[in-house]
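As written, the chains take the letters A, B and C, and residue 1 is the first residue of each chain.
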Amino acid sequence: MAFLDAKYLLDSKTAEKIYKAVESLPIIDPHNHCDVKALSEDLNFTDIWDAEAATDHYVWECFRKCGVPEEYLTGKKSNHDKWIAIAAQFPKLAGNPTYEWIHLDLKRRLGIDANISAATAEAIWKESKKLLAKKSFSQQNLIKQMNVETMCSTDDPVDTLEYHKALAGGKLDGVVRPTFRPDKAMNIMKPDFADYIAKLGARWDVKIRTTKDLLKVLRQAHKFFAEMGARASDHGVNIPWGYQVKESDANDVFKKALARKPLTLAEFKTYHSWFLNEVAELDAEDGFVFQLHIGAVRDVRTSLYTKLGADVGGDIGDHETSYVEPLLPLLNRFDGRLKTVLYNMNPVHNATLAQLTRAFGGTVNLGLAWWLNDSYNGMERQLNYSSSVDVMSAFAGMVSDSRKILSYGSRFEVFRRTLAHVLGGMVDRGQVPLDVAIERAVDLSYNRPKTFFGF
Amino acid sequence: MAFLDAKYLLDSKTAEKIYKAVESLPIIDPHNHCDVKALSEDLNFTDIWDAEAATDHYVWECFRKCGVPEEYLTGKKSNHDKWIAIAAQFPKLAGNPTYEWIHLDLKRRLGIDANISAATAEAIWKESKKLLAKKSFSQQNLIKQMNVETMCSTDDPVDTLEYHKALAGGKLDGVVRPTFRPDKAMNIMKPDFADYIAKLGARWDVKIRTTKDLLKVLRQAHKFFAEMGARASDHGVNIPWGYQVKESDANDVFKKALARKPLTLAEFKTYHSWFLNEVAELDAEDGFVFQLHIGAVRDVRTSLYTKLGADVGGDIGDHETSYVEPLLPLLNRFDGRLKTVLYNMNPVHNATLAQLTRAFGGTVNLGLAWWLNDSYNGMERQLNYSSSVDVMSAFAGMVSDSRKILSYGSRFEVFRRTLAHVLGGMVDRGQVPLDVAIERAVDLSYNRPKTFFGF
Amino acid sequence: MAFLDAKYLLDSKTAEKIYKAVESLPIIDPHNHCDVKALSEDLNFTDIWDAEAATDHYVWECFRKCGVPEEYLTGKKSNHDKWIAIAAQFPKLAGNPTYEWIHLDLKRRLGIDANISAATAEAIWKESKKLLAKKSFSQQNLIKQMNVETMCSTDDPVDTLEYHKALAGGKLDGVVRPTFRPDKAMNIMKPDFADYIAKLGARWDVKIRTTKDLLKVLRQAHKFFAEMGARASDHGVNIPWGYQVKESDANDVFKKALARKPLTLAEFKTYHSWFLNEVAELDAEDGFVFQLHIGAVRDVRTSLYTKLGADVGGDIGDHETSYVEPLLPLLNRFDGRLKTVLYNMNPVHNATLAQLTRAFGGTVNLGLAWWLNDSYNGMERQLNYSSSVDVMSAFAGMVSDSRKILSYGSRFEVFRRTLAHVLGGMVDRGQVPLDVAIERAVDLSYNRPKTFFGF
């Protein structure tokens, strides 16, 4: 087998057969970090750095590890020099999915077959620059090329969704849906919380003074998102506090925060719990899927955060915290009436979350391998384990979670090949008949996310 | 390879050779949930639902996940309609051991080769109904057919073991042994604890007022179980509290509980610790194996528990709790003089428990993959890891833990094939000579449990 | 494939090719427990027990598990009788790395091809006794035979390193370097702490009364170690407390300990945190690598500890404790200026530590699979997972951690074969081109440890 050839990740004839059945299915991507403004303008990427690395802290982190200085990652060096600097280190990334994703993007999207290294860096720069300038590589055309049927961006309730509107009637009509992500209204400990709440009120012409006001605005925004095609909310939580608390207690904390007084951790838990439950209630009303991204501990590396701020690297998965105890009250309150997906960052929690979702019936689903688990290794482990404990067909399907349009196709390719490998293994071990395996592969690659999210 | 054929789970000639050596060995099953009354009556199962699903909440949970309504699982629909309902969902279970077990039961026990689906449901119903009505498929004949040499049921100290007695002299003479499982006398927080203690006292003609009285009764029951062939006790614990406490403190808690006063968690720990240590002492006296099933958090899904009670699903494995700290005092107290088996529900604890059992010499054994780990995936992971950290030959062997007689053979088949696969891998990687691998397979499939439990 | 033959652990032509590229590279072993005195005397081992088991509690623990009585392990039986006793149990160790290591030592070092068992025990004893007596099997000649370029012993700051000096100019000139391991000065809760501090002061002609005195002595010792070729410190910690504390608080605790007053856990944390930070500061000054061996909970089996003391078995990996929270302050303080390696005993922490090291750039490295993870199984799991989350090339390389000279070659062979297998898998799955995989294998086997440690 050669690098990323047709048999990539497919270790048997059976896996090849299964992959054939899903290879060309349209992409359904219920969660990503698409820049909808840029997409609506249908611009081209200026160069390979712009397309692959300019917005992706996952990439920066890998090359920091290889010793590339910050000025070549987040600093002022030219895109050209940055690309040359990381290309020279590329062979050190063997085994990391970034190595495969970017090579896949080059091969599958741009038709560039060179392996990235110091020797090939300059030629790849030039060749890709030429290609990326073509109209056929505009952002919208890339989405079409990758056969994306549905993709969901991640949006704040203050967002007017004007760029989503701008897409209507165009090439991507009906393709891009917003997702309701009110993290800023949940993160009450953040220093700019009161400012954010003022901004949110201004967006919806309400002076927000109480949790009742807040809820009114959130409901308004939620309905608006629903009209604009949203089918899900999304929440980034370290610990999924979803205790049942009194609104009056949450309101006390909220007013304290608006008065810019410091809060205790207990107060944070109270407000956080109230908030998650209320958004879940809105989701249940509107038939949305309630997505929790659990366990990212942000910005543990102080030097990065101080210099560059958030979303630049330095994030890790939590290990020690129980997710069961804080989440159970919410799961029980909404049992049977809220479609839920739980994504998990540290694989040490995979087993517990698989067992937990197993216990709560068809509405509560495990999300596919997230963030640092989003690799052949991470997905294979999760698919094998979770299908043995829970029911594989109750996964909600793959999401790209990507910040890079060029990369969607590659991520779904890796997923579908891994899925074909996992199911192929089951068939070849005599655990599952081939036709059933193919049915599962098609279902998980297309039908299941489509029907579960209601696209 | 075809579904469940002769090479099922055997991925090499070596694995096939190893399996050949263990395939026909008699079954030793030191732990299951056999209904001894039903077995003693030697009745036939009325139909495939009765045989496969009527008593098995593991099955219900899988189909709940697939969206089968409760009335078709635990509700009032007819056995026929229930079977048709789950059969239609069967292909969604690919990868889950339930998919393999039930198919194996059909193929190996009943000779029905169809793959279960909506299309085949009715035919399988009819065919299996006919077969299950034959005398050769009576419960006792099934046990004989599966070549079960020894099996241990799970019994309360109040049990008169009359059905065990009834089996003496019959087809299963000497096959079915009881196990001493005094959970109800340990679970002092349960609302019916005082009632249970009264019942236990009545069974043994003792008015139980103190821990001393309780212990007297337990010892009496233990001796009786020993006479009736028991060789083990068994305990279902969430956290294995085995601290060394004063009997007077435990007695204070006990008397409070008998007076139906509410207890604190600390009081529960005290009583629980005292209780486990005392039963361990009885086991040490009588040469019993002390089995702990650790880490099941029961009934986390309130809606199920409220409607259907316990043992219907909604149980998960604990993640966060340390098992080492509470268990060490007991392990150290009985070091070298108590045969112990530790079973574990959440695989996140596999490594710690393997390292812990490694530290305590030949009397402390890791139990084979339990409950949600009881699958090809779970057993392979545990066998590979634990043999690399501890000594594989110090496992106490497979147990079915099954509530379904029809299923014993299938579960042991999956275990023996997985074991052959694991050992075959070692041989094919050049880590172990073939003759040594075969010796290990035979040992773990038969000799080891037989000698460790003393059957 | 036959047991331990040329294809051992190499499951494909690709893996074989990769292994060929690293098979003969010199050994760099940055961490072991070599007895430098014995090595400097260049004595021969008296027999196979002396060479393989006399100093290795890992071996004792395995055979305890098989039921070998203590007198044949740590007791007074003759070496001959001890060897015969364990040899009879050898086949029970299938799957445990000890089984492979000792067989490898026999085959590769001594040319003895027999599989160890009761039947072969006596013949192996005689044959190996004859061979081990030859001059070519003296300790120094063994090191030469195994092509060890650099190896680092583990030494206390009181050590005069006289045996390291004695090696200068001989066959092993420049090969054996000391490592600065001041655990005894850190473990302030130990009953002999004050005595140790007195001894440490005496060694360096300082009356140590305060942390300032202590630090002065440690700095002196550190410089001396640096002159003697040391390039690293090493620290065995259960929980890696590295909080930022005031020296005056640490000094209060230190003086209390010198006065032999009992300390609280909080006081231990304070002193421990201060100590680790100060040694890290010394390492940063001298360009040393700061090695943390994390998570060994020592001596959990009381009966062993009482009878035999420490380092005889009964050690397990910690599970529940967070390593992130206590370690973050130190990692952040030294961010970018301290070469760090984190070794981990319980694989449940693998994911968290891989994610943590990923976040801290090129200076913070994950150590390769340690202690109970040091096996094909443990290394494969870690290499696959960590390369998918972090960057494999940022591992600091293999260490033997061995107490047995005869075993170094075997341990590095297992590592290199496992590495070839892991990289071969990536190539065969089409994830990495072959030339890149070979480059990684060579790097991780030789270049990376050499440059990272600065040998």
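Things to note:
What we mean here is this: contacts are C-beta pairs under 8 Å (C-beta built on N, C-alpha and C of every residue); 3 or more make two chains touch, one makes a residue touch a chain.
Since we're looking at a predicted model, the values are computed, not measured.
Because chain A and chain C carry the same sequence, their contact can be compared by residue number, and under half of the numbers here are used by both. Rotation angle relating chain A to chain B: 120°, from a CA superposition, given to the nearest 5. Distance between chain centres (mean CA atoms), chain A to chain C: 40 Å. In chain C, the positions touching at least two other chains are 320, 348.
Within the complex, the chain C residues that touch chain A are 320-324, 328, 331-332, 335-336, 348-349, 351-352, 355-356, 358-362, 383-385, 387-394, 422-423, 426-433, 436-437, 439-440.
The part of chain B that touches chain A in the complex is made up of residues 1-5, 7-9, 11, 61-62, 64-67, 91-97, 99-100, 115, 297, 300-303, 313-320, 346-348, 372, 375-378.
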